[in-house]
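Each of the two complexes below includes chain A, the first together with chain B, the second together with chain C.
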Partner chain A sequence: MIQYYFDWSVIWRSWDKFMAALGLGLTLAVISLAAGTVIGLACAMARVYGPRWLSWPVWLYVEFIRNVPLLLLIFFVYFGLPELDISYLDKTQSFILTLSLYAGAYMTEVFRAGLASIPRQYMEAAKAIGMRPWQRQRYVIMPVMFRITLPAFSNNLISLFKDTSLAAAIAVPELTFVARQINANTFRVMESWLTASALYLITCYVIATALRLLERRYASIR
Partner chain B sequence: MSDQVLLQARGVRKSFGTVEVLKGIDLDVRQGQVVSLIGASGSGKTTFLRCVNLLEEHDGGDILLDGDPIGYRVADGRRKRLSETKVSAQRARIGMVFQSFNLFPHLTAEGNVMLGLTKVLGKGKAEARDIAGHWLDRVGLGARRGHYPYQLSGGQQQRVAIARAVAMQPRLLLFDEVTSALDPELVAEVLGVMQKLAEEGMTMLVVSHEMLFVREVSHHVVFMDQGRVAQAGSPAEIFDRPENERLKGFLGRFHAMFGQAV
Partner chain C sequence: MTLEPGTFLFEAWTARFALMNGLWVTMTSSFFSIVLATLAGLLMGVVLSYAWWPLRLLARAYVDFMRGMPVLVLILFTYYGLAMFRINVPPYWAGVIALAAFATAHVAENLRGAVQSVPAGQMEAAKAIGLNFPKRIWYVIVPQAVRRVLPPWVNTCLEIVKGTTLLSVIGVVELLLASQQVIARNYMVIDFYLMAAMIYIVVNFSIAQLGALLERRFSYIRY
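Up next, the complex of A and B:
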């Protein structure tokens, strides 16, 4: 058996880099989820309440994003769009755009299913007390839908955070990229990958636990 | 009780696809009256109630509330459909209580009553909370104001729903089989609240299968059959001297179940 001697000192020396990379990854995930929520909400409303001519482009967008690998989308936006003279975003901006569009497609499906699962009775009760159309959406349908979709929300945040590792492919200095860099510079293979993995795992676990507490707080819908 | 006609329906028609559910309904509700609609399932009672509140749109005839047509206005001799905002304003004058309660699940009992007061009537939070507290006390749920719907029994939920409707100070209250989804032992508490409202002069249009309640509380009873008013009159006329054969058959089934009490 080959002996491998662990030397964690390289990790401690680069600890600041790891933390900065972790922070960047989280920031990318949160921004993309926020943007994706706005996109998803607009698209879901368009599909459920909108006219047919608005419905099918949304369907096309959702199906395109969900059935093409994310890495390919990242390359397409970062390398492809400048070729077409469409965008000159830097690599981080380009990644945020891609991940937001990606999150938007998934959130569209989450919200569409959420809207569809709200019983007609709540809408009728809101009508019966004389609420105007946007008030019904704002004070009854949306609050109920957000509570129904909260678990899917947490799952998406965790998925997106893990997906930020793909940004390494276009040299965005997030966790995976930094781990690879340290690996390349020091040849401490196991230490750098184990550290990165542990950081992903701990962060995801903390997010999941925090959101589960939030879900319990809003569990008034059974 | 005044003699002023609050709700007037003339020749109201409604079809779902090719099925004509309402075949010309005439009906008056005077201010302070309790009018009950009885009849077999599928006779059109609930559909008529939903047309009054514009949850369904009637295809023909007129429904007037305080003389104003519901759902449309007349311009140059032609009917023009009202905007959804105007329809909402009309609905705010009519309260409705549903068979399945339909409380907003994300709000407490108090929150359910307050929502319409603050958002539709534009009252301040403090005033709305006072009004909600008053009506929840009145339906015997003052102590449960902070409970969410899932923490309340069916009867309690239905009483909150009644408080939510009455707190809006509607001109007319609609009750759509409000005890049909309740366990038998919870029916009385809901009927009790309705009876108190009736005694205080609330104008009510009630669809119900609770014949004892209908007989005791109503001023006027309408028997509907296959989308038409088959017989209408005082509770005594309907229950003691039924003339219509279908009404006799309908009441006979209740007599068979409950003896001559009805």
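Up next, the complex of A and C:
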């Protein structure tokens, strides 16, 4: 085994950079999750309640996104949109767009499963007491569905946060990018990657714990 | 359709070897990762379910570590980290090792779930009729756990195939990087990315179909 001397001063010197990168990664994940939730909700509703002709484009969207590697999607959006003369997105915005579409496809499946798992009697009962369609959604279906899908939310947030690492491929300065940069500039291989790994692990763990508390608070009674 | 330079068909035909080579690298690296991850994952799954508690704790730490890390970081870490220790691994194998190490955790965790979902009475009954531990596992637990572990295992395989795109970051010319190189030559960005996407979809659908076939083969009722 070759001797390796750790020199953490490199990391401390660029600690601000790491923190900014971590913040950026979290922001990207949260924005994408929010946008993905909206997309997913719309698509799931379209698929469950919508007309037939609306259901196959949704299916196509979901299957396309889920079967194509995320990195390919990122490149596709980042390099492909300017080809279509849509060139006002910078790399971060383009990544947010991609990750939102990506999250949207997964959230569609989550919400579809959530909607499917709501007993039909809820809807019937809501109809029976004379609720309007939007009232049924707002007061009966949605609250139940969100509680059922809460664990999937936290899973998705964590996996989206991990997926923000792919933004490094188009030079968005998030954690992986910064670690790679420091690795390349200073040649402190172990320090930079151990720091990045530790930050990812800790953040994922914190998110998971926080959301587990939230889940316990709002968990549906099964 | 005319085959003139600048048309998609012409460019695709010109680039056929590059793309096929890329596809080959994608498929072999996925294959090796899947095999490695499955073997290691099965072992670790058994450790997670049955082993002496310090071993189990180690396996759990490994699984949680892997599940909390982005694959890309893992791949970069493996690639640069191994080089640091003068272990000269080509990027291809560094990537395969990293992907396999990542997927091992998923296979193990899924297997643990499957094993624990087999009712305890099964194990007790197997003990009662005097089977020893390997036999209990092999004849009683495995046939039941396999059915439950197959769907998530197929999912992990698909994740691995998609994960091989990340090898392009460390310079393995798999399908994505091959497409990018072709695009760098002819600037047909959308066409070639779409084609790569289609190829991935075909590969993934085939694997999903194979998985469905396996699931039928191992289902309770043989069709």
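FYI, the second predicted complex is superposed on the first by the 219 of 222 C-alpha atoms of A that agree within 3 Å, B and C clash if a C-alpha of one lies under 4 Å from a C-alpha of the other, contacts with A are read in each partner's own complex, and residues count from 1 in each chain.
Just so we're on the same page, a contact is a pair of C-beta atoms (placed from the backbone, for glycine too) under 8 Å apart; a residue touches a chain by one contact, two chains touch by 3 or more.
Not measured: the values here are computed from a predicted model.
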item: Partner chain in contact with A:L214 - chain B first, chain C second, else both or neither; value: neither
item: Contacts of A:Y200 with chain B and chain C, given as first, second, both or neither; value: second
item: Touched partner set for A:V140, first chain B, second chain C, both or neither; value: first
item: First, second, both or neither for A:M131, with chain B first and chain C second; value: first
item: Partner contacting more residues of chain A (chain B vs chain C); value: C
item: Touch list for chain A against partner chain B, complex; value: 121-122, 124-133, 135, 139-140, 143-144, 147, 218, 220-222
item: Residues of chain B touching chain A in the complex; value: 53-55, 84-85, 88-96, 98, 100, 102-106, 115-116, 119-120, 148-150, 161, 164-165, 168
item: Interface residues, chain A side, partner chain C - complex; value: 1-2, 4, 63-64, 67-73, 75-76, 79-80, 83-84, 158, 162-166, 168-169, 175-176, 179-180, 183, 189-190, 193, 196-197, 200-201, 204-205
item: Residues on chain C engaged by chain A in the complex (per definition of touch); value: 65, 68-73, 76-77, 80-81, 83-86, 158, 161-166, 168-169, 176, 180, 183, 189-190, 193-194, 196-197, 200-201, 204-205
